[in-house]
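Presented sequentially are two complexes of chain A, the first with chain B as partner and the second with chain C.
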Partner chain A sequence: MVMGTERLDEATAELLANVAAEDAKRPDEPSLPFGEWVKKNLFSSIPNAFLTVFFSLLTLFAYRQILNFVFSEERRWEGVRVNLRGLFTFSYPASQYHRIWITLGIVLVLSGMSMGLMKSIGRGFSIKRISMWFYSVGLSLVVGILLREPSVLKDADGLARWSFPDGSPIARSETGLLLIRDDEGVSLLAEGESPLLLRESFGSAMSDRGWWWIIAVFALGIGSALWFGFGDMKRRTTFIPAIPLTFGFLGLFISSVWWYQWGHYGRDDAGILISEPDRLVASTTRIPWTILWFVLVLAYVAGRALVRTERAGLTRVLIGFSALLTPFVTYFVILRDPDLDWAHVWSTDIPMALAFMVGGGLIMWILTNPAIGERGRLIATALMGIAVFNWVAAFFGWYAMLQKARISFLLLALAALAAHNFAGDARQRLRSVWGWMGAMVIVHYLATMINTAETVAAPDQFAGGFVVTIYIAVFTMIFSFPLGVILALGRTSRMPLFRVMSTIYIEVVRGIPFITILFFFAVFVEFFLPEGMDLAALASAGIAFTLFSAAYLAENIRGGLQAVRQGQYEASDALGLTTVQRTGFIILPQALRVSIPPLVGAVIATFKETSLLSIVGLTDFLRVANSNIPGQTEFLGVKREGLLFICLIYWIGSYSMSKYSQRLEKQLGVGER
Partner chain B sequence: MNNKSKLSQLLALVFAFALLATACGSSSDGEGDTATTGDDTAQADDSSDAADDADDAEDDVELTQGDDLLEQIQARGELNCGVSTVSIGFAVADSNGIYQGFDSDFCRATAAAILGDQDALNIVPLTAAERFTAVQTGEVDVLHRNTTWTQSRDSDVGMDFGPTTYFDGQQLMARVGDGFSSNSTVADIDGAVVCTNAGTTTEKNIAEAADLLGIEITLNTFEDFDIVTQNFIDGGCDIITTDGSGLVGRKAEQQPADQEWAIFPGAPISKEPLGPTYGQNQSRFADAVNWTVFAMLIADEYGVNQSNVDDFVGADGELGRLLGGDGEVQSAMGLAPDAFYQVIKQVGNYSDLWARHLAPLGLQLEGSVNDLWTNGGLMYPPPAR
Partner chain C sequence: MTDTAESSLAATAAAKPPFYRDATVVKWIVQVVTLIAVILAMIFLVGEAGDNLKAKGINTGFDFLNVNPDFSIGDGIDNAPDTGGRALWVGMVNTIRLSVAGIALATILGVLIGISRLSSNWIVAKVASAFIEYMRNIPLLVHIFLLFFTLGQLGDFGRNVDPVTGELSQGPINGWVHVSNKGLSIPRVHIADGFYQWMIFILAGAIVGRWLMNKRNAVRDATGHETYPVLNFVGVIASFGFIGWFLHPIFGWVGDAIFGPLSRAIPNVPEVALQLILSGLAVMGAALWIKRFLDNRRTPAGLAQLTDDDWFRMIFAGVSAVLASLVFLVIWPGLASWIINSSRDFFEVAADKFGDGRGNWREDWPIDAARPDIEKRGNFANVGPGGLNFSQGFAALFFGVVLYTSAFIAEIVRGGILAVPKGQTEAAQAIGLRRSTMLRRIILPQAFRVSLPPLGNQYLNLTKNTSLAIAVGYSDVVQVGQTIFNQTGRSLEVFMIWMLFYLACSLTISVVVNFFNVRLKIVER
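== the complex of A and B ==
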C-alpha cells in the first residue's frame, strides 16, 4: 500500500507539472490600457456606473470611519499594548516562559519540516502581483492620510480643547464641566447645545503625517520599481516562491523589533506603567522570536534537503506522528513541568509498563499466529471480559486498581480482538509485538506525566487568553476528526445498529444549539460522572466542542462518502478486499479528498467558536479583551481597542487556515477531476 | 491434545497477567493516599484523564473533609481563595494575569496569617453562580468575592460569614445636566429610563423602591455593566444603578468631558455588606480568617501600617500582643505568634488596602461607612486580648 501512495503522489506531481506547463503556454491576456479597462469593467452602463460610484463612496466612508476610530485621541491602545502578555498567556508565570518558547519551537520545527517535505511548493507569486500589492498598500495609505479627520487640538495639560457650536473656545473647570470664562463671568452650555472638539487645520494635519507620506511614497516607489524596473512583460510573470517570500516577510517583521520600539508600554516590578526601552514587552521577546525564526527557516531547509532522498517518506510519517503527539507532550510535559515522584515511578509505573509491554507483547505474539484460529478470538473475548469487568468494578468500588492498569488492559483487549488481522510470518508478527510495545511506552509515559502533580499551573488554572483558544481548538481538531469519520461510516453502514445509533447521535447534536451544549457540559455533566469524579471546566468544554464538532464533521465526511462512485465499491469487492481494506484504502481517501473544503471550514468555525468559552466562565481570548482589560483600574472601560485587536488575531488565524486549504485543494486537484 | 494444552497455557498466562496488574494497582493505591477510605477508586487512584488531574488538589480536600480545615491548609501549604473573575478595584487580573485588588489582598492577608507567606496562595476566580458550590466541594477554602451577607445564604445555602470588609449599597447615577445632584432622592427619578445589568438583585431593588414610592420608571437591563455605562453615556439611559463602589469607579474613569454625573441618594437603597465567606462548622479556620480582618482594622486604629510596622514590634498592650509579643493569643488559635505581624508587613492594614485599590477609583475612606468607628464609620473590631 505504501507503494500505491507513492505512485499516487507522483501522479499528482506530474499533473501539477502539466498544469504549470499549460499555464506557461497559455497566451497572456491582452492587457487593456487603464482608461479602457475602467470603462469596460466599471462604467459599462449607467446602472453599472451608479453601482461603482455608490460602493466606492461607501467603501471610502467605511475606511474613513475605521481610521478615525483607530487613530482617535480617545483610543487608549496602551490598554492592549500593556496587556499583550495577558491576552496571549494570561497568568502563565513569566519565569517559566521558556516552556512556551520551547513549545512554539517544536511546532515550528514540525511545520517547517513538513513544508520543506512537500513535493510541490507551488509557483509562488508573480512579480507583477507583488508590485500590485505594493501599489495597493501605497494607495490605501495615501487615501487614508487624506481621508482621516485632523487631530484634536490639546491644551497644556494634554486635554482636548472644546468650543461652543459658534466656535468660541470653552475652558475646562476642575470638575470637568465645560464653562466659558468671559468678561461677564461664567456661562454654561445652553440646553440642547453640544460642544465641538477643536481640530487642527487640514494643512497642518497633512504636515503632521509626514512619516505616513514617506511610507506611502516608499511603497509606491517599490511597486513602480517592480513594475517598470523589469521592463519586459515576461519578467512580470517571473515567480517568486511563496514560502521564502513569507519567511522573508516574517523575518523583516521580527527584525523590526531590533530597530523599532513596537510596544511603548510595559510595567516595572512594582507594577507601575513605564515606557523605558529596556522594559518593553517587545524587547523581552525579541531574542526568542529571532531564534524561532531561524529555527523555522532551518527546519524548512532541512526538509528541502530531505525531500529528494529516500528517507523523505519515512520522515513524513514520523513528522505526522509527532504532530499528533505534540499537543499532549507540550501540554502535559513541557507546559506543566510535572514533578515526578521518582520512588513511585520506580516502584510502580515502570514495572507496570514493563509488565504490560512484555505480557501484552507475548499475547500479541501468540494471537498473531495464523494457526491459532478460533481459539484466538476466544482468548481475546476473555480478555475483553476482564477489561470490562475492571471498569464495572471501578464503578461499584469492588476492588482497587490503578486507572492506568485498567486502561492498558482495555487497550490490550482491543489489540487482541484485532490481532488476527495482523497474522502472518514471524517478521510480521514481531512487527505487531513491537507496535504494541511502542504504544505502551507512549501511553504509560503520557499517563505518568499527566498523573503527576505539576509545578507550573497548567491551563486549567491559569485558564486564560489565546492559549486556551489554541488549546481547545487543537484538542477539538485532534479528537473530533476520528470521531467524525467513525460517525460518518456508521451512518452509511449497512449494519442497522450502527446506522441508527450514528444517525440518532448526529441528529440530536445537530438539533441542539451549541451554546446549550456548552452550558450542559458546564452545569449538568457532573451528574453523569461517577460519584466524586469531577471534570475541570476546560476539559468539559473541550469534550463539548469535540462532540459537537464531530457531528458536523460526520455530515461533511458523509457527503464525501456519497460522492465516491458505486463502481469503486464494486471494484474493491471484486478485488476481494475486506471491508476494512476497502474503507481504509479505497473509499476514505477519495471521500476525504472531496471533503477538504468543508472540513477546513469546520476547523475554522471551531477556532472562532472558542470565543463562546467566555460565556461559560472560562477566561479565553475574548474574555480577556472584553471584561478583563476594561476591568483594570487604569483601563476602565477600554474595551473597543481590545476587541478590535482580537478581531485582527482571529482573522489572521482563520484567513491563513483558509489560504492553506485553498492550497491543499489545488495540490490534491479537488474539483478538477 | 497438543492444541488444548496450549490453550490452557495461554489462559493461565492471561489470568496471571490480570492478577499481576490488579495486584500492582492495589498495592500502589494503599501507599498513594492514606486518607482514602478505599471506597472511591475512580477518584483516589491514578487516572490518565487530563481532567481528573486538574482536580487532584480538590480531591484531597474532599477526602479529608471533617478534619480541621486550618490544619489541612497548613499541611497543604497553600490557601485556596475564591475571588471574582472581574470586579473593578476588588479583583482584576493585571497585565501579567495576576489578580490584584481589595478582595485578592484579603486573600493574601489570610495566607500570610495562616501560612506566614502571602504567596502561599492559589487564587481561584469564580463566577457568581459557581462560588458557593466551590466552597461546598472544597475547591476553595474561603471566598473574598463581593458576597453579600444575607439570611438565606447564612442558613439555607450553608455558608458562614466573617466580618464585613466593605459596606456597599446600591445607588443611582444620573447626569447633572438632567437636573440631578448628589442630594437627589429616588422620588426624583419619576418617569426616567433606568438601566442596570440583568439577573442581579439590583434590578429587583430598584423596582421595589420605585413601587414603594409609587413612581413610574422604565427599567432596561443589559447583560454587562460596560454596555449599561455605554448606553448611559450615549443617552439611552437617564439613570444607571448598581452598587455604589461600582458607580464611583465608572464616574472616575468614564465620565466624558462634556457631561457631569452625580451619584445619589446619600443613603443607599440597599444594604450590601461584603466580607469573607466560608463553609459551616469550621470554627478554627473561621477564627483565623476573621481575626486577620480584625487585626488589619486594629492596626489601622493604632496607625500601624505596612511601612512602619517594624517600629511597633515589642510594643506594650493590645498592639504588642497582636504583633506577637508577650501574652499573644495567636498560638492558641493554631497560628504562628507573629501571624498578624506578617499580615501587616506583607500586605498592609485596612487603609493600606483601601489606598492601594479603592482610592484610585475615587472612593473616599474618610467619612464613609467603611471608616473606623473612631472616625464615625462602622468598622468596629473587637479587642485583641
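== the complex of A and C ==
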C-alpha cells in the first residue's frame, strides 16, 4: 500500500506532477484583517456569539484541567521517561540492540529514498501558515502559563506542605507523615473536613515560569518576524516543502538528546536497574538516533538526486520490492539470527534451489511458447499431478522429501498452469523465466532461514512493546492483502460455489467481534493442530489478525471491483484475453486504484486493533503501560501517565496515516468524477 | 464472464468442444474439487480437535448449560445464575442493553458533533474536529482503560458527611449526579405498575393520530394550505397519553381476558402441526423465490437462457428449503416444542403485566422516576428503586464505546451532508426557503439517505466493540463465556455460542437498517 504512488503509469504520474506544479503557484487565500475575521467567524449573529462564548469558556476550562493534570506534582512522568526502552522494545536483550538499529536503518533508508523519488512532493506549507503555527504555539503557551494553577509549596525534604482549613500549617513527623492528630490520637480535623494543599502565590508562580515565558515570546517573535518580514503576496506564495520541514523539526527533536536531560534508566555498578532522572540519555541511545537521522536525510537527498535521472523508474521498482521483503529479512535474519549448518546449506539447500531455478526456468521457457498449444496444458496438468502426489505421499509417509521441495513443486505446477497467459515473444518469455527464478531465490532463502535453529532467544520471550505492535501490523498488512484480493474475487465471481464460500467466510468473520477470534486462536488453536505441532503465541495472533483483516479488506476491494465499468470486461473479452489476464492486467489494477484510500483505513484499523493483544496475554505496547510499569516498585500504580503516552504514540501513527490517505485520495482523483 | 466470448466462438465453429475444454465443465470441476478440499480439511481439523481433547481428558458437549456454574455476576438481571445457560443469558442481556443504549446515545451525539463540525462558527467547528480526531485515532481499548482508571482515582461513594444534616454526600450535584470510584449514578425514569395499560392508550392514540395525519395530508395536497399533519399526529398521541395517565386502570381486564386464555390455549397446539407449518413455510418461501427469479429472467421474447449460475441459485434455494423442513421435522423436533413453550411463557408474562389488581388509581402512575439514593457509605444501594447506577466497568465501557462510535458517526454525517449537491442548496435558496427549513426538508433527508448504510456498519461495530467488556470486568457475553470455559474447558462450545449470538445481533441490525434503506431509496422509473 505504501507503493500506491508507484503503481501509477507514467502518463498519469506526469499529469499529476503537472497538476502539482500548477498547485504550487496558487497562493493561499488572502487573510482578512483580524477584526473582520473575528466578526465573520465568531460573532456573525447573536446565537453564534453565545456559542462562541460558551465554547471558548469550555475550551479554556478543558485546557486548564489538562495542564493541571499534566503538570501536577502528583504526576510521575519519569515513570514513562525512564521506561521508554521497555515501552518500545520490552525485554529485548540489550546486547542485541544493534539488530534493532539496523532494522530501523533499513526502514528509514527505504522510506527516505521512496519519499525522495516521489514525482511531486506537494507544494508544502506557505509562510503564512507557518507563521500562524508559531503564533498559535506562542499564544497557547501564554494562555497556559496564566491558566495553570500555582505550584505546590514544598518543604526542605521535597514534600508537599499542607494546612488546616483555617490556614494554619500542618506539621510533619520525622517519618514525613502529616500530624493531623493530637497527642491523644484525636483527629484535629472536624468530620467532613479535609486538609488543604499550600500553593505559592500567583505572582511568584508567574515569575517561576520564566523559561516558559521565554519560549512563548520566542515563538511569538518568530511568528511576527515571518508575518511582517514578508509582504502579503509573498507570504502567501512562498512555500516550504513539507518533507524537509518535517525532517528539520525531527532533527531539532533528536538533537535534544544532546542537550536536554531526558533521564536514564540503567544499571548501576552492582547491576541493579535504577532510574536517574537528571542526566543525558545514554550514549548508546544518543549516537544511533543521531546517525539514523542523518541516514534518513541522506536517503532522501539521494532519492531527490535520482528522481530526474533515467534510473528513477528502476530504483522505484527495486525499492518497492525491498519494502515488501524487508519485514521477512528483518524478522528472520536480524531479529532471529538463524544458526546455519553451512555444510548442509552447500550440499543440499543451494543445489536444490539451483535445480528448481534452472529446471523451472526451462519449463517456463517452453510453456510460454505461443506455439505449444494443447501440449502445454498437458505438461502443466502432469506437473500438478506430481505436486499433489508428493503431498499425498507425505500424508501416508511413502517416501521422505524436504518440505521445501514439495512447496517448490506445487509452486512450479501453479506457475505452469498460469504460463500460457504470459506467452509472447522471446523477450516476454525471458521475463517470465527471470520472474520464476527470482521467486525461487526468495522462497528458498526464506525457507532455509525459517528452518534453522536460532541463536537469539525465542521471539515470544523477548518480543514485546511497540516492536510487537509494528510487527503484527506489518505482517497483517502483507498477508491479508493477497487473501483479501482472493476473497473479493471469489465473492464477485460467477462461479457459484466460490461465491458462496467467500461470502460465508466474509460475513461470518465480519459478524463476530475480533476479540472472540483472537481468543479462538490464543486458546483453542492448539486443539486443532496435529500431534507434535506447536504454534507460537505471536504467530497465532498474527494468523488471527490476518484472517480477520482479510475479510474487511475483501469488502473494500469488492467496492473497487464493482466500480470497474462493465465495458472494461467486454473490451478485454473482445481482445481475447483469458480470465487470468483480464483479472490481473485489466480489472484488478483499476479496482485497487479506487480502493487504496479504504485500504489505508484498514491498515489504521489494524494498527489500533493491535492493542487487543494485551487482553490475550501478549506483552504489547498497551500491556507494558497498563501493567508492567505500574508493577515496578518505584512506580507503583503509575498508570495514567503511561496510558497517556501511548495515546500520543497511537495518535501520531493513526493521524499521520489518515492524512497520508487523504492526500493519496486527492492525488488519485477518487471521488472527483 | 468469459462464457459470452467463448460460447459465441463455439457457436460460430458450430462444433461442441471436448468436455475438458468446455468452460462450464472445467469451472464446475474446479469448484467442486475446491469445495471437497475445504470440507476434507475441516473434517480433518475437527477430528484432530476431538482426538486432542480426548487425549487431554476434556469432555465435550453442551451439558454445562444445565449445570450450576458456581459463580456470581456483578451486573445484570441475575446475580447468582443457577445454570450455565442462565449465566450466558445474563451476559447476552447485558450486551444487548449496552448496545441498544449505546446506539441511541452515539447517534444523537454523533449527529450533533457532525453538524457542529460544519458550523460556520470557527471555535465550534474546531472543538468538534478536535474531539473527532482525538477519539478516532486512539484505540478504543486505550480509551476504555483511561476512563476506567480515571473513575478509579475518584473518591469513595458517600465519602463526605454533611456537618449540618448528617447526610452522606458525593458530588458533583448531590442527589442528582454522583461520580465516584464505584461508578456513576444518575436519576432515572422507570416503568411502574400500570405502564402496559397506559401503552394501550398510546397505541390507540397512534392509530387515531395516523388516521388524522393522512386526512390532513390529503387536505393539504388538495388545497395547498398548511395543515400541520405531524403536529396533529403528535397532539393526538399526547392527548391520549394524558387521558390514559389517569384512566389506565380501566384496561386492567386485558391481562385476564386476552393474554391469560391465550397462554392456556397455546400448549394445546399439537407439535406436529407447528412442525408442518414451519416446513411448509420454508418450502413455500423457496418456491416463491424461484418463481420471482424466473419472472425476472423473463423478457418479452420469452424466458432468457439460464446460465449454470442461475440453475445453481434455484437448486440452492430448493435444497435449502428441503433441508430446513428436514431440520424442523426430523433433526430438531425440539424446536417446535421450544417455540410453543416460549410463547406460552411470553403470554403468561404478558397476562401478569397487563393484569388487574393495581387498585389504587391515585398512586399507580404508568411511569415513575427516582433519584440516586445513598444509603450506605462506599457503595451503591443495590435494592429498591434507586437511580440509574453505572458500575465503574460499565461506565468506562459504555462511555468509551459511545464516544468512540460517535466520532465515526459524526464523520459519516458530515460526509453525508457534504455529499448533497450544491445545486440543492442553491435551489432551496432560490425558492426562498428559510435556512432551518432548508436543512430540515432538503439537506438532511438527502444526507440521511447517503449515510444510512455506513451508519448501519457503525452500529454493528458498536455492538461488536461491547465485547471489550472483558478488559474492565463487566459481565457481557464474552466475559461470562470466558469464565465458563476457564472452569469447564468447553472452549469450542462457548465459541460457537458467541458466534451464533453475535451473528444473530449482526443480522438483526442489518435487517433493521436494510428496512429503512429500502424505504429511503430513490424510486426510479
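Just a few scattered comments:
Just so we're on the same page, the second predicted complex is superposed on the first by the 569 of 673 C-alpha atoms of A that agree within 3 Å, B and C clash if a C-alpha of one lies under 4 Å from a C-alpha of the other, contacts with A are read in each partner's own complex, and residues count from 1 in each chain.
By our rule, contacts are C-beta pairs under 8 Å (C-beta built on N, C-alpha and C of every residue); 3 or more make two chains touch, one makes a residue touch a chain.
Predicted model only: the values in this text are computed from it and were never measured.
Using the contact criterion defined above for the overlaid structures, shared-chain residue A:Leu414 touches neither chain B nor chain C, since it reaches no partner. Legend: residue contacts after superposition of the two complexes on their common chain; A:Met384 is shown touching neither chain B nor chain C. A simple residue count on chain A separates chain B from chain C, and the partner touching more is B.
In the superposition on chain A, A:Leu298 contacts neither chain B nor chain C. By the touch criterion defined above, A:Ile486 reaches neither chain B nor chain C.
Of the two partner chains placed by superposition, only chain B is touched by A:His344; chain C is not.
Of the two partner chains placed by superposition, only chain B is touched by A:Gly86; chain C is not. Contacts of A:Trp651 after superposition: chain C is touched, whereas chain B is not reached. When both complexes are overlaid on chain A, the residue A:Leu643 reaches chain C alone and has no touch with chain B. By the touch criterion defined above, A:Asp573 lies against chain C but remains apart from chain B after alignment on the C-alpha atoms of chain A. Overlap of the chain B and chain C interfaces on chain A comprises residues 530-531, 639.
For chain A in complex with chain C, the residues that touch the partner chain are 41-42, 44, 48, 51-52, 55-56, 58-59, 190-192, 494-498, 500-501, 508, 510-516, 519-520, 523-524, 526-531, 569, 573-574, 576, 578-579, 582, 608-612, 614-615, 622, 626, 639-640, 643-644, 646-647, 650-651, 654-655, 658.
Of all residues in chain A, those touching chain B in their complex are 82-86, 89-92, 94, 159-160, 162, 172, 175-178, 189, 194-195, 267, 271, 331-332, 344, 347-348, 351-352, 355-356, 359, 362-363, 366, 375, 378-379, 382-383, 386, 390, 394-395, 397, 399-409, 443, 446-447, 450-451, 453, 458, 460-462, 464-465, 530-536, 538-540, 617, 619, 623-624, 627-628, 630-633, 636-637, 639. Across the interface of their complex, chain A is touched by residues 1-2, 4-5, 27, 30-32, 34-35, 38, 45, 48-49, 52-53, 119-124, 127, 133-134, 136-142, 145-146, 149-150, 153, 160-163, 307-309, 312-313, 316, 460, 464-465, 467-468, 470-471, 478, 482, 485, 491-492, 495, 498-499, 502-503, 506-507 of chain C.
Residues 3, 7, 10-11, 13-14, 17-18, 20-22, 24-32, 38-56, 58-59, 62, 85-89, 92-98, 100, 122, 124-125, 127, 129-130, 137, 176, 224, 226, 229, 249-250, 252-255, 257-258, 260, 357, 360-361 of chain B are the ones touching chain A in the complex.
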